[in-house]
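In what follows, structures are represented as structure tokens.
You will see chain A twice below: alongside chain B first, and alongside chain C after that.
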Partner chain A sequence: MKKRWNWDFLMSRYPAFFPLLLLAVVIVLNLVLQPNMFDLETLNGNMRVFLPLILVSVGQAVVLLGGGIDISVGGIVSIVNTILATRVGLEGSPELMWRYVIISIVVGLLAGAINGFFIAFLRLQPIITTYATSFLYFGLALFILPNPGGGIPADIASLYRTSAPLGIPLAFYVIALLLLIWIFVSSTRYGKYLFAVGGKPEAAYETAVPVTWMQFSTYVVAGFMSALAGIALTMLSGSGNAEIGESMTLNSITAAVIGGNAFSGGLGGVAGPIMGALTLSFIQNIISFADIDTWWETLVKASIIVAALAAPGTIDLFRRRRS
Partner chain B sequence: MKKIRISPPVAALILAIILFVLSGLLPNGYGSDLAVAKAQAVNIVRLAVFLGVIAAGQTLVIISGSEGIDLSAGSVVTLTAILTYVIVSGQNEKVLLALLVSLAVGAVIGLVNGVGITFLKISPFVMTLGMSGVVTGTIIVINHGNVSGKVAPIMTKLIARPLVLGIPGAIIIWLVFGFLMWLFLERTTFGKNLFAIGVNRVTSKLSGVNVIGTNLATYSLAGALAGFGGFLVVGNTGVVFIALGQPFLFPSIAAVAVGGTLLSGGKGSYWGTMAGAIVLTLITSLLTTMQMPDSVRRMVLGGTLLVLISIYGRQEALRQ
Partner chain C sequence: MAESLSAVNIVKRYGGVVALSDGNLDVKTGEVVALIGANGSGKSTMSKVINGVVVLDGGQLLLDQSPVHLSSPLAAKKLGIATVFQELSLIPQMTVSENIWLTREPMTNWGTVSAKQVREKTKELLSLFEGTFKTALKPDDVVASLPPDEKQIIEILKAMSLDPWLMILDEATASLDSRQVQRLFELVQNWKDQGKAVIFVSHRMEEIFRIADRYSVLRNGKTVGEGKMSDVTEKKLVELMIEKESIFEYARMELTAADFVDKPVCLEVKNIQTSTLDDVSFKVHEGEIVGIGGLRGQGQRDLLLSIFGDSRYQGSVRLYGEETNFRHPRKAMKKGIALVPGDRAREGLLYIRSILENLQLPSWSRYGFPLKVGRAKRDAKTVGQSLNLVMAGLKEPVSSLSGGNAQKVVIGKWLMRKPTLFLLDDPTKGVDVGTKAEFYALLTQLCEEGRTILFYSSDEEELIGLSDRVLVMFDGQIRTELRGEALNKENLIAASLGATNGVAQ
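What follows is the complex of A and B.
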């Protein structure tokens, strides 16, 4: 190796490097189509819509890092949304709202713990287990709120929608906080264990890593993040709908993978998936601004996503062929 | 300590029979009327055929390992169903053409999946998920909301109506299909290679298995089988719509898992998937006849699925 900072080094040492490139590309494209993108109001309008997916993607990223997958996250988002919309109501007091925010978080933790119990302790296969629990969670959400409706007080919702302390939208504080927490966590023993469990659980087990508890904890984290996303989404929409989380599940997985997290676990981080979620959201934005024929929207969006997924592999392929 | 081991396909089948017998005790079950019971059983198996055929491709990619999965199956089903519908437009002589087109289109989509997964190193889950979006997008573009077409009478006759001794053609097709799948998996070199790469790709490669070729062929074949599924589904429903195939997607994975095939690859059988498809179809149709609200039905389905996989879907313990 002649140069230390060559492509391979960047790609392997910093899994978030490529997502950052992708994000830069979509931001430039977005800026061309939406010149006032960096105005506070527009920026806030975008970021508050993006934040729920970012939150879920971080939870999903942790599960993927630990070698699992969680396809029940959308269901947890829906449960939280229906709880808040039915129990707080349009006329609810702030105290009532905060009480149910705490209850929602507990519900999210519990739902994650159920996933974690079946997967880590009973050793069931993650995909199929969380598929089954997603039925439980969506069913429960539908049970709480059979028809779209309900809501939360407008002044509480506007707290999420418009607050921008020091002229920076709320979402950026949340992202910064997530990144800080991740930087701290990945330097602790927990972070090291997480990578070990995701990389090779048998080897981790033999070196006295508490594999079962680590796997369990990743699903609890995902449940917690989904509950936060559900709260954010409810404050964004101001109303309840049991199907609200449906698109979140697969989007969060795509975001995490675009963000450089390996599906097999043990590789990646949280910064990449945050960028992946932003990239996905900006792609949606670009499509709605690019004035594409409605009939073509799905195809264009899916093709861009496949291209984004294929990009690192394609570059690799060409580089290998040249050398 | 020696445990009694029942193979998952048998366990799933026994479970299906027990569930079916118990379902007779339900308020609106078949009661003591044997003729009704038989008709109901035949109908449930007939409905399971479609899920079973779509899950065949899923079984192959899951056996191939390395997180193999095909999330594009649902949209391929919709696409080939629409293609069949348009090509056939009521003429018996066009059925064969439609079948070939369905298989070919499915195989091409599967091949694209395979190329992305093997050469570009995209994980199967997101690659096939992305392809599913592309295929759905293509359907929307070519379909533009409505298509004109019609299924041929011969398809309805073969697939939806009783053929021999009151047994619908679909079930006979499925039995033949199941036998072919068994031959393919257990008695061909390709099948052996498939299980080998599912267990360990490096050792298979060192033992002379063409890993890349086998993987590409598996995904194309899975696509073709999903295409065949679409052809059968439209023969049963007689109408097409944009969300026709998607409801089959995750149940096809669940059918594979309930049938005892390991989702990590290298172990499994198509008999298991067939039994899994019957169990899942049975549970869903029982829940439908029980006339519960949608929310409770979903929760019961999720709970049942959890119980099912808890019984024999467990992975090996960490401590050996």
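What follows is the complex of A and C.
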């Protein structure tokens, strides 16, 4: 039994183990710099900013698990943001808002389905296809809202910003829901197929797993999650900007990889990427609190991310050397 | 459940290559049919046609005498046909039980997979091979962490869990030890008694005679013989597998082993051990052509890669008496070793780059900085001409060349470095007959110049015609060495199949 709890076992069987360590480190650092971070207001202020990236990262994680990658998630976030900001407006009624929330979700599903159709059915390269469609989606967002502006009613926005049922920020409920759904999904047949398709598609095909449909579905999930992120981001910012989603694409991929999802597919989960997204967001926080000169900000942030990405591989290398 | 399956006049082409031109097979419940054939005779294609992985181009599959169309593995599965794949159909990152029950997981009322049932049913299956595992195999072990024989058993159990009426065992015993084979055969006997059918694809004569009731022999994509095992001998089967008429003419001088004894030993391999090689030792003298025979995948590739420093090994490799210990192919290249790899497209060439670049790839360092491109071109041209390379120009991409000419580029790029030891991995695979003859002449000439050649070939004719002696590999070991009179097709094939009787040593 002892053998089962060694490093290799933990790393391979519990891919979220390393990101958990990493998250603990950044939380401690953050706590040092921001001693009041666990006060409800501060916590809520942080979490509502982190939530959109968490949502996108979960979608990205599912695509990576299925052996693909989605570069267009940021574009989908932007489309949703511009649709809401232009169609609902600052004076819009709640009914109008909810109607466009549903339309946004449909748009996200459609955008994901377009990606999935090209990649799963036409067998195009995921990275190239979604890179190309990301321009399509950003272009559409710019077409809808050429200059930053528009908005949603303030009372609806504050619903997102300040809701904290039972004294716990809204974001935690969302995260808990995501984890519950994932625990359920990963123990359904869909979950098993997902790992199989990402792990070794030829073997999955020979075992009669519907490989094409599985690949297609991962992009639809990513589109759906991006739409949710777009809605959350719009409620957070209260206004529209076609470029709002740009940084989310690479951040979501980084979060998923820090979270232990392999680029080659079939390894990882959703809990890891959620922690990865939290880690990335806390790093951003730490930097803004550490009084680092803005000139250095990007460099410092990038260095931390590179170190975090390289850590598991480095540990492995040392372990191999030793043996 | 069906009772019989017949494959009639099956044709299957991959691109321009005909894998099966007239494949026939009959199997009915309560019997084991052995599907036999030499390398590339179409055995695997035949089993892939029957289990729906590839769709046939011609001929018919008859299930209980009525035609069926198998468009996918799913279709075959629904008809109760299960396969143990040679290239295992397991997902390495998933656990044993997840793999076995993939697509057929027992479910709970909640729509989730019942972990408890899965574990229990897996344990039941694992108990069939109880006692033959080297490790304590558990349902929750990740497949990637298992040794090859246990992976193979999981693959067998996965097929069994389907409870099919027809089971195809494609080289299922290749990585099993004798106890595990014994257990498998007991199970096969049970299936037979329960009225199931088995197609047994194997290279091992001994096993075929132990388990099969009937046989079907494939040669070059054609079924050339069928019958009862009780009416046939090992010798007869080997004869069936061999092409009668030989088109091969070789120009190698008749040399006896004695001619090389006073030459220095070029390569000495001693007790090499890797995951696929098991204590391999041999010597090659300068100027000798030594062939490596045996069925594909018996460790030949690993042996060549180990010598070239591209694969870690335990043991010793000496080049002209000097311990090599190469950690990287670069070191081997510097010592004058060249490797012509088996997979031309993936390992031998940069297809979209020009012929010049490909020819000069290992040699650019000799052309200074900045590169003396003029001289490089002249040198490349000379090599191209000496090889009779048919090309539109050095600037053309390698992808514009035919298979034979592309292979000439692979050999040419090493010739430019004037190596002393050539390692070739199936150099004439997919090469036309004319070019083959040119290669033989070239290799013979290289040897006369004092270079040494060690090559693996899947073509028996070539091994016999070209080599001074042939080392036959089986299961990662050199089982037999054939030379002189004993180096003939019957002995070579018999030795490849692991048979020992009838082989004159």
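FYI, the second predicted complex is superposed on the first by the 320 of 323 C-alpha atoms of A that agree within 3 Å, B and C clash if a C-alpha of one lies under 4 Å from a C-alpha of the other, contacts with A are read in each partner's own complex, and residues count from 1 in each chain.
One rule holds for everything that comes next: contacts are C-beta pairs under 8 Å (C-beta built on N, C-alpha and C of every residue); 3 or more make two chains touch, one makes a residue touch a chain.
Just so you know, these numbers come straight off a predicted model, no measurement behind them.
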Superposed partners chain B and chain C on chain A - clash or fit: clash
Of the two partners chain B and chain C, indicate the one touching more residues belonging to chain A. B
Touching partner for A:D39 - first (chain B), second (chain C), both, neither: neither
Taking the superposition on A as described, I'd like to know which of chain B and chain C A:E243 touches: first, second, both or neither. neither
Quick check for you: in the superposed arrangement, does A:Y205 touch first (chain B), second (chain C), both or neither? both
Counting only touches as set out at the top, which of chain B and chain C does A:F138 meet: first, second, both, neither? first
Quick check for you: in the superposed arrangement, does A:R123 touch first (chain B), second (chain C), both or neither? first
Now for A:A302: first (chain B), second (chain C), both, or neither, which partner does it touch? first
Thinking only about the overlay and not a real complex, which stretch of chain B clashes with chain C: 95-103, 185-193 or 311-319? 185-193
Would you please give the residues of chain A that touch chain B in one complex and also touch chain C in the other complex? 202, 205
Seen from chain C, its contact residues with chain A in the complex are 53, 72-74, 77, 83, 85, 88-94, 98, 102-103, 105, 107, 111-113, 115, 142, 144-145, 158
So in the complex, which bits of chain A are touching chain C? 12-13, 184, 187-189, 191-193, 195-196, 198-200, 202-209, 266-267
For the complex, which residues does chain B have touching chain A? 67, 69, 116, 119-127, 129-134, 136-138, 140-141, 144, 250, 253-254, 257, 262-264, 293-303, 305-306, 309-310, 313-319
Footprint of chain B on chain A - complex, ascending: 69, 118, 122-125, 127-129, 131-143, 146, 201-202, 205, 211-212, 242, 250, 253-254, 257, 262-264, 295-303, 305-306, 309-310, 312-314, 316-317
